[in-house]
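Here chain A shows up in two complexes: once beside chain B, once beside chain C.
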Partner chain A sequence: MSPVLDAVFWVLAVISVAAGIAVFRVDSMARATYALAVSFVAVGAMLLLLNLEYIGVITILMMVMEMAVMAIFMIMFMGMNPALMPMSMVHNRVGSLVLALGVFVVLAGGALLVDWPERRGEPAGELTRSLGEAVMGSKMLVMLTVSPLLFATLVAALVLANPRGRYDRFGDDLRATTPRGPGERGEQA
Partner chain B sequence: MTLDTVLVIAAALFSVGVYGALSQQVVVMVMMGLELMLNGVILAAAGLWWFLSPAPDGQVLLLVVIAAMTVEMAMGFAVATLLNRSRKSDMTDMATDLSG
Partner chain C sequence: MADGILQVGPLGTVIATVLLGVVAVLAAGFDGAVGARLQGRRALPGAAAPVWEGARLLRQRRRTIVAADSLLWRIGVVGLLVVALLKVAVVPLGAWTVADLSVGVVWFNAMDVMVWALVWLVGWGANSAHALIGGYRFLGQALSYELPLMFALTGPAIAAGSLRVGEVVAAQEELWFVVWMPVAFLVFCAGVVAFSVWGPFGAAAGGDIAGGVLAELSGVDRLLLLAGRYALLSAGAGFAVALFLGGGSGPFAPAWVWTLVKTLAVLAILVGVRRLLPVVRPDRLAEVAWIVVLPAVLLQLLLVSVVVVR
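This part shows the complex of A and B:
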């Protein structure tokens, strides 16, 4: 890797970790969301440096959109403009910090102490094409497993978030002949 | 850029995520910690793939991790919505019914 790309990598690395720390240091949730988005963009750019064009780009696109959705949820739940309301809602700060440092020491120590083997094989000429061929060929089972998982997630999320299920409309024994309307007797508001 | 440096940075991201997931009280902030942890996992998997065995299989693993992030976000938001509706709160400390 050229010195310029090496320098770019280090800049991105510092940005990703600093933005990650900023998520839990800034005093508003909106800023925390933006900091997390910056961290993800930096990691996505590092993936691009590793020639993972497809994965890097979808990481950046997906996470930026996800952070936008997260900001909407924060405003919805907190009932205020999170960018303007300084706040600190933490518990067991010291214990968490000690555990996090312990995890870092173990993981970083392992990364530095393990005698990693030499690289085996060379990357394909067109990495995105090779990924597509793997997904549509030898690794299709992986995608076939992920697909119903995502569908199940959609169903589960809708069931959890739905304010009025069938038990609300037809009673605990599901024997009501006509469905109850929102707020009617016997239904939780 | 070497495998060691990539893994150390991934470890730093993962550890910051651990701190967030353990210390934050707001459900959405806990989810941010989990996202940071998965961010580190993505970087580590990408580094291992590139420096050890750059076959297409590793890219498929990264797709699976990204799918896991999607699932985590969707379920997290659904649980946060449910918690907000039933308890009028989005704090983890208000949902300790099952704690010993």
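This part shows the complex of A and C:
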């Protein structure tokens, strides 16, 4: 890599680690959420440095979307809404610190100490296309197994979270011509 | 790199920035003119009104709010303009583009997802109930418009066999994609209006919650957010031209002129939609989006795929 790209890599690396630390140092759910988003965006940008354009951009897209959705859940599932008040982002301070440092040392040490093999072969010309072919071809079985599971999880989560299903909006026999709004007359609380 | 697409240098980036600004101001002027005409006033002073409003906001003092999360608030306020600019980076103007990314279509998509975070941050940062409700309204609306928008973006990419915007434009040499992907085009335009918090999809900034995400914004912050909305509309219109309306193709005039003319035409319609349609409640939008629009755009994709494979 050229010195410029080296510098960009280090800046992104520092940002991702610093933002990751910030997740646990700030006292607000919103700041923690978006510090995590920044950390992931920096990782996505690092993937761009490796010329993995599709994976890099998709990582940024998914992570930002994920954090935004997390903000929805934050309100939806936190009873008295401490999410809106300043609060500590850490539980079990000592234990989590030991775990986090341990995992970091193992992973970083492994990455530095492992005897990486020499590169064999050449990267495919069009990485996005070959990725798509791998997913839709040789890895199709994995995708076919994972997607129904994910889909079932999504539907189950929605059913659990949905306060107003179609019976609330269209009546017990689903005969109402216009859906009832929340809190309108005739709706069960 | 696609044939005939040139990546411009730093000066080109500056020109793109200025151009986005000019187009956004034109959009604001158009909205002002239409609004004035509808109230029976003359159009020209109406068109100038956004400029005076901008000058007023520049001089206005910032409102200070107890316990506001200023950092996140400012990020959200400035972010919309930045994201609009990052979107424009992959939109070709005739033969020129700022960044000829191999995954330009996905890049645009990633940037419009950024808007999710930014609008919510604007709502959050103000430490105000109305603004926060606005932010959550936007997220609720985003859950409805994003998937159809993503699939609408997929159509031209499948037809062109590439995620590079330049190649998508080149693939429309014989027939514009809008002709055989009308559903995807309409859904994409609706998506642009939605991520710009505009018109029928402007519930997040609705008058019923005292302006929602706009409620506590004043001075230069408010100016940046309003400008950001017009910039997002402009970037979306430009991308619609590249993806569905043949980019710079057209007779007599050079390609960049056609790109601009088409962009302004699409933008005028997107801006005008505000005066034609009422605001849609995000929870009602969800029903239509998931039960009607999503299957419709998937059928459109099926059609495109069959045509491409055949």
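The working rule: the second predicted complex is superposed on the first by the 143 of 189 C-alpha atoms of A that agree within 3 Å, B and C clash if a C-alpha of one lies under 4 Å from a C-alpha of the other, contacts with A are read in each partner's own complex, and residues count from 1 in each chain.
As a working rule, a residue touches a chain if its C-beta (ideal position, glycine included) is under 8 Å from a C-beta of that chain, and two chains touch if they have at least 3 such contacts.
Quick caveat: nothing in here was measured; it's all calculated off a predicted structure.
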Give one of first, second, both or neither to describe whether A:Pro182 is in contact with chain B, with chain C, with both, or with none.
second
Based on the superposed arrangement, let me know which partner A:Ile58 touches: chain B (first), chain C (second), both, or neither?
both
For A:Ala108, select first, second, both or neither according to whether it touches chain B, chain C, the two together, or no partner.
first
Who does A:Leu149 touch here: chain B (first), chain C (second), both, or neither?
first
Touching partner for A:Arg31 - first (chain B), second (chain C), both, neither
second
Applying the touch criterion given at the start, work out whether A:Ala68 contacts chain B, chain C, both or neither, answering first, second, both or neither.
second
So in the superposed three-chain picture, is A:Leu141 touching just chain B, just chain C, both, or none of them (first/second/both/neither)?
neither
Comparison of chain B and chain C by chain A residues contacted
B
Chain A contact set shared between chain B and chain C covers 54, 58, 69
Enumerate the contact residues on chain A facing chain C in the complex.
28, 30-31, 34, 37, 53-54, 57-58, 60-61, 64-65, 67-69, 71-72, 75, 84, 126, 128, 179, 181-182
Report the residues of chain C in contact with chain A in the complex, numbered from low to high.
69, 71-72, 75, 101-103, 106-107, 109-110, 113-114, 116-117, 120-121, 124, 132, 136, 139-140, 142-143, 146, 163, 281, 283-284, 287
For the complex, which residues does chain A have touching chain B?
1, 5-6, 9-10, 13, 16-17, 20-21, 23-24, 29, 32-33, 36, 39-40, 43, 46-47, 49-52, 54-55, 58-59, 62-63, 66, 69-70, 73-74, 77-78, 89-93, 95-97, 99-101, 103-104, 107-108, 111-112, 116-117, 119-124, 127, 130-131, 133-135, 139, 142-143, 146, 149-150, 153-154, 156-158, 160-161, 163
Which chain B residues qualify as touching chain A in the complex?
1, 3-20, 22-29, 31-33, 35-36, 39, 42-43, 46-47, 49-57, 59-60, 62-64, 66-67, 69-71, 73-75, 77-82, 84-85, 90-91, 93
